[in-house]
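A, B, C and D are the chain letters, set down in written order, and residue numbers restart from 1 in every chain.
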């Protein structure tokens, strides 16, 4: 789960990281009044779950409350990478002497949190990693000990020359690590970490991604969820315990298992079709899940055909068959359904489906070809 | 032969009385796995009745189970909140090989648990994995026993059902398996492609290897380099997620394209450039293995 | 630093340990009103930094508010092992089905926190350790990992048979460990941990000792310091950065270094005297410290002679000599001072002292014999 | 010979620019210790001027100092809040032997730091210790150089100034020392009596050992048992704190009688019952050593 900048800043602030004040507003008037309150120049920043807000025109400097209102009214409702801006953050503009990058994420190779810092901040760190990898200092944190003081110093020492700034930055490293841990994050970054002309080190942007697996025990973080820019179908899926991602095609996919679901999407593409979604109904074979899955897929008007691909291991295919039958009784599907079922209780499943007039396949290639064909026809 | 599990496996099931644990214990016992103990705190002293009517003793803790039954392998079906603790408990009790089936374990919990297991010298498979099966010998986890058959192919995969799909085609094509290992879909897994490749390399019966990857991370790329350096038998690869959009987690916590890293295209390229035959469709996996084994036996 | 029971309970409560409510009062009237508020039977417990409160009559059961008042008025002002009771805790009486002991302390051998639990609770755990060591289960906590869930379960499993009680107790182990860490404790114990007839596991007594070295960074714990039962001289010493412990003899001792200070006390005893105190002026040779030390020693009317034993290593003996001279100018000492100085800048120090009419020794045995002799004379 | 430090010691001083650090660096250099580097964060690039006018380079971090000067030993004079971190920094930088002088380090900080040092394979002396001195070779810490002289006695002590007292008498009695080690007055110390006894046991020049203990803990009792089992040279013991009341911390964080454990009487009894001659007064230590060495050379 991605947090908004203002939410990430709240977490950072709670752990002592120096973050300028800010106000989240949803209207031009509020933006003006926030700007008036702060006095001086402010920045109006779109709060959407997307990078590249600046390039998209979602971050603007305002010299006056009136200008802040004008920017806010332009940015609110703006579309950034398919997401509608619902909120803006108004924050005092900071004078910047230098910009650095500080991030921590869970690293697969070392199986531990890893810090990445670079004195080239305010830019895309991935680009720095490609073009100038030596400009990034990396440090793997031993989860048995956490970030040790000398390690924080070592990181900070690569960013600054001034001992005072190094000391401030080392402190921020520790605070960032504690933020990361406390929030159950998979990634936390400050980009840029600035030095003001007065020599103060501050975080003026913040990005935090939460490990979804932490949310069950972090209700305060879960409460930060903002679904306003999330497709309704994905919200419904999450609440139903399904993993669903909306895509741009017309072949609705319903598969058990993430790997098989991706392979099914790939096969749709292979046969000339376009998948409408990723949907994993998971390992358990609860008929209710199938009903929910179908409800979510059919809510997408672009879907022209629904493709089931179920390989029964733990999942009992007869349960899935019953779920399909049940769903078609409850919901008006409106588009053809093609079904591939194989594995545990396959024979019984096929009987159930035949009884209800569905034609079922046992080959994945066949069923995908058929689905693509039907999508092209409709 | 086989890797990681075989007839010498003495299995303790952590969470044996839970819904998943009891179901799969029955399945594993039906397959012939030597399930020697179960663990559920508070249910010590009870027994679990296997499909043949045999009674498996249940203990409150893994150390008790190990002391009483000399269990050497554990499989974990406990809920996510307790699963990392269960891994550490097993490692602390001297279990050598720990298979963590549970999905949804917080990744920072697993960072600690992996460190702990390393300190204890235990191998962890998973978490969020389907386990493994050495056909005809032992099945630990949730892979369906009916689709595998003994033979010369070692299979290692990040996926569950996609593995079934691949194995299904292999078996139908008469290509049995030494061991099929599902390494799991999480970002921090205890046993990686390379560990399995190394183990298969020491198994004279494994004459071809199938490697099924997916988007996210760089394990496949590292494994590809390893294959070229160290693997003497033919390797066939498949990558799921060519159509996955960047930045979205495709079900598995580990299946996410971060920025430009971890795409399917990148991985398939790494496979090909290191001499691994890449299947475009799942069904092709078995075809490429058959061809490779024929080629190998001819040469 | 030892905490009172009610303070230790506060810390436990903050970490979720089930602790019955309680009210700290300083008068019989308040005790009655607290008892009235709780209703039913209450226990009135002396809050002093001492064990064995029960045996000393400092813990009493009251059936009514009137009885609570009566007990409070008896206990308040009571002397327990030389400490005057200034406060009592009024807490509802609990029905007890069983009592256990749970403690965690820093263990020297394993260099790690160690849990000790026993199903024989409510009694002196040291006695259990002697008479029935098998009744105690011990567990060393790896500081890299903290208390792991299966370890907490293992401990709890030795206390109870009922799975529910084991679960509750295992949870309490984790909470106790977090209390221990958060407070910077060197020891934290629950004795007894009870089971009520309804099967609830609760902590009805609490004892926490804080590692003094933690206090500089734990102002909330430092704020729990209650010096009311501490000798004024020890309070003054602590504030002056000295380590001072009042004893019952008449030879005032002023030594640099804890080991040498103890050896000096022992030598006083060896030569037939009784030390009036332990006092370590520490390693640095700040004359101000010597002045403070003398001020503290002379505040004890029992002191008949003051014995300096200084071995200069880092400590410059000339600084100490200057301090003694300075102090005798500021304070009316009133008793003889005998001085032994040796080591760094010894010659200069002896000159300074001679110039001021002090006679100084270089042998520890000689000076101690002289001091004991003078104490016997006065 | 000597133990732990000698002419091959290449010392880095952590906290070299502080009041204590700079004072004692001068003292150590005057004694002839090979001080190769200092560390003070933020002062890297500066130098410390030794008593003979030589310049010791200062670095921001220990790893930099090690890389530039091949330091193998470190001594720590940083304030308590940062001292455990300094121990870990030294261990992480590959320092073999770390002498922590600082008093007042929180004990739970040290529990972690000791574990870290163990993981790195480093030996820690202290904390809250006066360090050690191998007369004529090297002095690391704060023990005064002028009272020691080379000779056959190994000395190990939990105390600082009491050690000076003992050494003073030894030296006056013509009994020089191989190494005098102050192991420190904290509850969690990195090097214990037994470690020093073991090291002295491997030093052929050490022909008698003095062991100075105090109240608190059971290290002296364990050391006594070790002496009887493993030490071939005569051992003389002294325990401070016979008049200390129970439950009160006698200055040192570790010097506290808990309940009935850790009393001076108990420790003196353990010494005597394991063949260690016990001095009743500090001055007797030298007398007993002289007698023991005479006895040993006669027998």
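The criterion applied here is as follows: contacts are C-beta pairs under 8 Å (C-beta built on N, C-alpha and C of every residue); 3 or more make two chains touch, one makes a residue touch a chain.
Since this is a predicted model, take the numbers as computed values, not measurements.
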Key: Pair joined by more contacting C-beta pairs (B-C or A-C)   = B-C
Request  = Between chain B and chain C, tell me the centre distance in angstrom, where each centre is the average of that chain's C-alpha atoms.
outcome  = 56
Chain A-chain C separation of Cα centroids, rounded to whole Å = 54
Remark   = Per the C-alpha means, the centres of chain C and chain D lie apart by a whole-Å value of 28
Ask   = By residue number and range, which residues of chain D touch two or more other chains?
value = 112
Remark   = Within chain C, the set of residues that touch 2 or more other chains is 144-145
Query = Viewed as a graph of touching chains, is the assembly arranged as a line, ring, star, complete set, or other?
reply = other
Note = Pairwise touch list, complete, is A-B, A-C, A-D, B-C, C-D
Ask   = Which part of chain A faces chain B closely enough to touch in the complex?
value = 106, 108-109, 111-113, 126, 142-144, 181, 184, 186, 211-214, 216-217, 243, 245, 247, 255-263, 265-270, 275, 278, 280, 283, 311-315, 342-344, 363-365
Complex interface listing, chain C residues touching chain A = 144-145
Message = So in the complex, the part of chain C that touches chain B is made up of which residues?
response = 145, 148-151, 153-154, 157, 163-164, 166-167
Query = Which residues of chain B touch chain C in their complex?
reply = 41-43, 60-63, 82, 85-86, 88-89, 92, 112, 116
Query = chain A touches which residues of chain B in the complex?
reply = 20, 23-24, 80-81, 103-108, 110-112, 114-115, 130, 142-144, 146-147, 157-165, 168, 185, 187-188, 212, 214-215, 217-219, 238, 240-245, 248-255, 259-261, 264, 280-283
